[in-house]
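Two complexes are shown next, each including chain A; its partner changes from chain B in the first to chain C in the second.
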Partner chain A sequence: MSKELVIISGKGGTGKTTLTSSLAYVMKDKIIVDADADAANMYILTSPKLKHKELFKGNPKAVIDVNKCVNCDLCRKLCRFDAIHINPDGNYYVDEVKCDSCELCKIACPAEAITMKEVYSGEWYESETPFGLMVHAKLYPGAENSGNLVTMVKHRAHVISEEQDIPYILVDGSPGIGCPVISTISGANFVVVVSEPTPAGLHDLERVKRLCDSFKVKSGVVVNKYDLNEEKTRQIEEFAKKEGMEVLGRIPFDECVPKAIVNLQIPYEACESVKRAVDEIYARVMEKL
Partner chain B sequence: MKIAITSGKGGTGKTTISTMLAYSLDNPQYIDCDAEEPNGHLFLKPKIEKTIPYTELVPQINEDICTFCGKCADACAYKALVVMGEPLKKTMFFDELCHSCGACAYVCPVEGALIEVPKRVGEIRVGKAGHIDFVMGLLDVGQASATQLIATLKREYMDDSKTVILDSPPGTSCTVVETIDGVDFVILVAEPTPFGLSDLKLSVELVRDMGLNFGIIVNKHEEDNGLIEDYAQQESIPILYRLPFSKDIAKSYSNGALPFEKYKNDFKGVIKQIEERI
Partner chain C sequence: MKLMITAKGDKLESTVDERYGRGECFIIYDTDSGEFEAIRNPFLNNQGGVGVSTAQFSVEKKVDAIISGSYGPNALEILRAAQLELYKAQPGTVKENIELFKEGKLERF
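After this line comes the complex of A and B, so read on.
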């Protein structure tokens, strides 16, 4: 069974993709997974060549047949997701974005006017990159179910890794602590949390750490742009130590990083400061895996 | 007037822009809808007057009268209920899978066998930060979705007599849709990087799909970088403001303070532009 290394951050924009792409550059024998289906960015730095594409089925949505509908208003009253409305012609309809696919309206409808319709909520891909295979996805804007899509791409990566005997899976996660993040960290061998030395960085790290604990996943922290506020960096590292989190390393603030990204270069490749930091982080992470 | 601030990519400065905007208004209400990782309170430092637990309904089964007919499990689209008939006679509920839709209670044929009880999912904090009315949602760690919590914030706490600033989660999925649904104007905050541009395009697709009025604020703007500018021009999207890249703002942000007073007039200008557009 291959080992899964997950990079998340709680707060967005702390440098997840900077670190993940740099790790992708140094790490051998792995499959890359971009689990941030909502705002996938790994493809930008890894110039993937698409090999395989599939549509992702979301949960089915309710549809009302206006010819059968008797305007009893029961479905609208019962729906807890505020998904059923009446249009100016007086016809009932379902707001697909709000529909949570619970099917209560369909069960309750006395006129059997409601059916569930299949919808696609995204796509997932397998691509070849200079750093190995990548499984990635795109959730259609406004779609739900990103947790299921994450589970799907991770599962696909595990299937390939078994077939081809690839020992590691490197996963770039999404911000927050909700369903996509829960799906991203469940089953991980080790989670790296990228933080930044700001009150928001620390605040969000605390929540993400509790999430890792509740899923019994071991975690470590990397402070990105640590020298912007060394006092806050110390606070973050103290928090980590106190909570039994591994302190994996620090990445300095370097104007080379945004420049590298603008030039579509992986920061590890372009910036000496990042290379030094990531080499150390990589060595520590591999010990933990 | 209701203005939502969102972005495709996380960490582009939604909270910075939202709080600065709220500060510059005369009669503002700030609602932090990023209930997974709310940060507005770190900068506005509100005095919290009330903390209200936020609950959602989940089923509770009385096995003494349950007939183990299995109708609740059949009705549950999320597979949160499993019923085992003779000889085990057990109804199991997995609360992490439950979406509180109420289908199980609706179909249960035995009165009292399945009732709905509130379960804590998070909390809502209400207070004041100077002249700003402050509301935030906070999802409990381990809970899957903040969508209904956001819906509750908007339904029960939004004050129509104020100019409401809704600080949205990042991305383009259900929590963002819930936040921006029905607002008068959406501000998309973007940073001029390839990541920022790629995620901005997804946000634009979403707000256009939803038929909302919107504009862009560029954060960490640099004169020689036209990445967002070119795209906005090409798509005829107004750029409302450019907040310059400045070590000043980064430093004060990292100390939990923002230069509200310094940018007050700029953001008054932003509000004026929005008023002209709606």
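After this line comes the complex of A and C, so read on.
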């Protein structure tokens, strides 16, 4: 069984991609999973060569059969998502982007004019990158990442890792603590939380720690841009120690990082300060895995 | 007593699935009769809310204890409220985990 290393942040914009892409650069014998389909930065930074593509389904959406519809207006009134409208011809229709798949309209319709239709919400891929195989996804406009999609890409990575005997899976998770993040942490061997020295950075670290605790998964923290507020950095590290998290390292603020990303370079490759920090973090993480 | 084990297949020889809500298969095993029933996880492809759905399923099936790898926060809330016994599965097959359970060697989650 390969071991799964998950990188999450709780808060967006803390530098999760800086760390994940840099770890992807140094880590050997792994498959990369980009589970952050809402912001698939690993795709942009690793310029992958697509090898295999499949469609995936989202939640089914309501459709109204205008031939059966009796124009009672019940569905439009009941819909909590304002997804049902009347077109200029006087026919009722569902706005697929707004439809939340709750099926209330289908249940309520006295004429049985509403059915649920399967829809594709995006594509997932297996790709070749300079840093190893990657499993990732692309969402269609209006579609959003989900626990189902995360489970699917992670599952695919496990299948490949068993076939090819690859010992590690590196997962780039999404921000927050919602459904996709829950699916990302489920089954992880170790979770790295990237934080930043701000009140929001600490607050979101606390929330994400509670989530890891629920799964009883061990976790550690990396403070990115630590030198922007060393007092806050100390607070974050104290919180981590108190809560039994590993303090894995600090990455300094460096203008080189955004410049590197703009030029599609991995920060590890382009910035000496990141390289030094990530080498240390990598060594500590591998001890924990 | 009735056990529910999350598994990657529908047999007692199948490997345990680490995931609770998105476990591939649910094995319901009766420790008194030794009989079991395997059910494909009906919530597997739902976009969200699978932890809650699976927990609801466990309660409706009237199982006394669950063996799985880890439990998510939303599922935990329901399973704890329903006072089900939760155990942390060991790597291996469903059968091996049932044996460990009978010997009292599985850790409570």
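Convention: the second predicted complex is superposed on the first by the 266 of 289 C-alpha atoms of A that agree within 3 Å, B and C clash if a C-alpha of one lies under 4 Å from a C-alpha of the other, contacts with A are read in each partner's own complex, and residues count from 1 in each chain.
As a convention for this text, a residue touches a chain if its C-beta (ideal position, glycine included) is under 8 Å from a C-beta of that chain, and two chains touch if they have at least 3 such contacts.
Worth saying up front: this structure is predicted, and the values here are computed from it rather than measured.
Chain B and chain C, once both complexes are superposed via chain A, clash. Looking at the shared chain after the overlay, A:Met286 reaches neither chain B nor chain C.
Contacts of A:Val26 after superposition on the shared chain: neither chain B nor chain C is touched. In the superposition on chain A, A:Asn148 makes contact with chain C only, while chain B stays out of contact range.
Within the superposed three-chain model, A:Cys72 lies out of touch with both chain B and chain C [touch as defined at top]. When chain A is checked against chain B and against chain C, the one touching more of its residues turns out to be B. Once the two complexes are overlaid on the shared chain, A:Val247 sits clear of chain B and of chain C alike. Of the two partner chains, chain C is the only one that A:Lys57 touches; chain B does not reach it. Once the two complexes are overlaid on the shared chain, A:Val119 sits clear of chain B and of chain C alike.
Once chain A of one complex is fitted onto chain A of the other, the partner contacts of A:Met1 are limited to chain C, with no touch recorded for chain B.
By the document's definition of touching, of the two partners only chain C reaches A:Gly187; chain B does not. Common to the chain B-facing and chain C-facing surfaces of chain A are residues 59, 101, 146-147, 179, 182, 210-211, 214. Partner chain A is touched in their complex by these residues of chain B: 8-12, 15, 36-37, 39, 42-43, 75, 77-78, 99-103, 106-107, 139, 141-146, 148, 151, 169-177, 181, 191, 193-195, 198-199, 202-203, 205-206, 209-210, 225, 227, 250-251, 253-256.
The touching residues of chain A, when paired with chain B in their complex, are 9-14, 17, 38-39, 41, 44, 59, 78, 80-82, 97-98, 100-104, 107-108, 139, 141-144, 146-147, 174-180, 182, 196-200, 203-204, 207, 210-211, 214, 228-229, 232, 258, 261-262, 264.
Touching chain C in their complex are the following residues of chain A: 1, 57-59, 101, 146-149, 151, 179, 182-183, 186-187, 210-211, 214-217. On the chain C side of its complex with chain A, the touching residues are 18-22, 45-51, 69-74, 76, 88, 91, 109.
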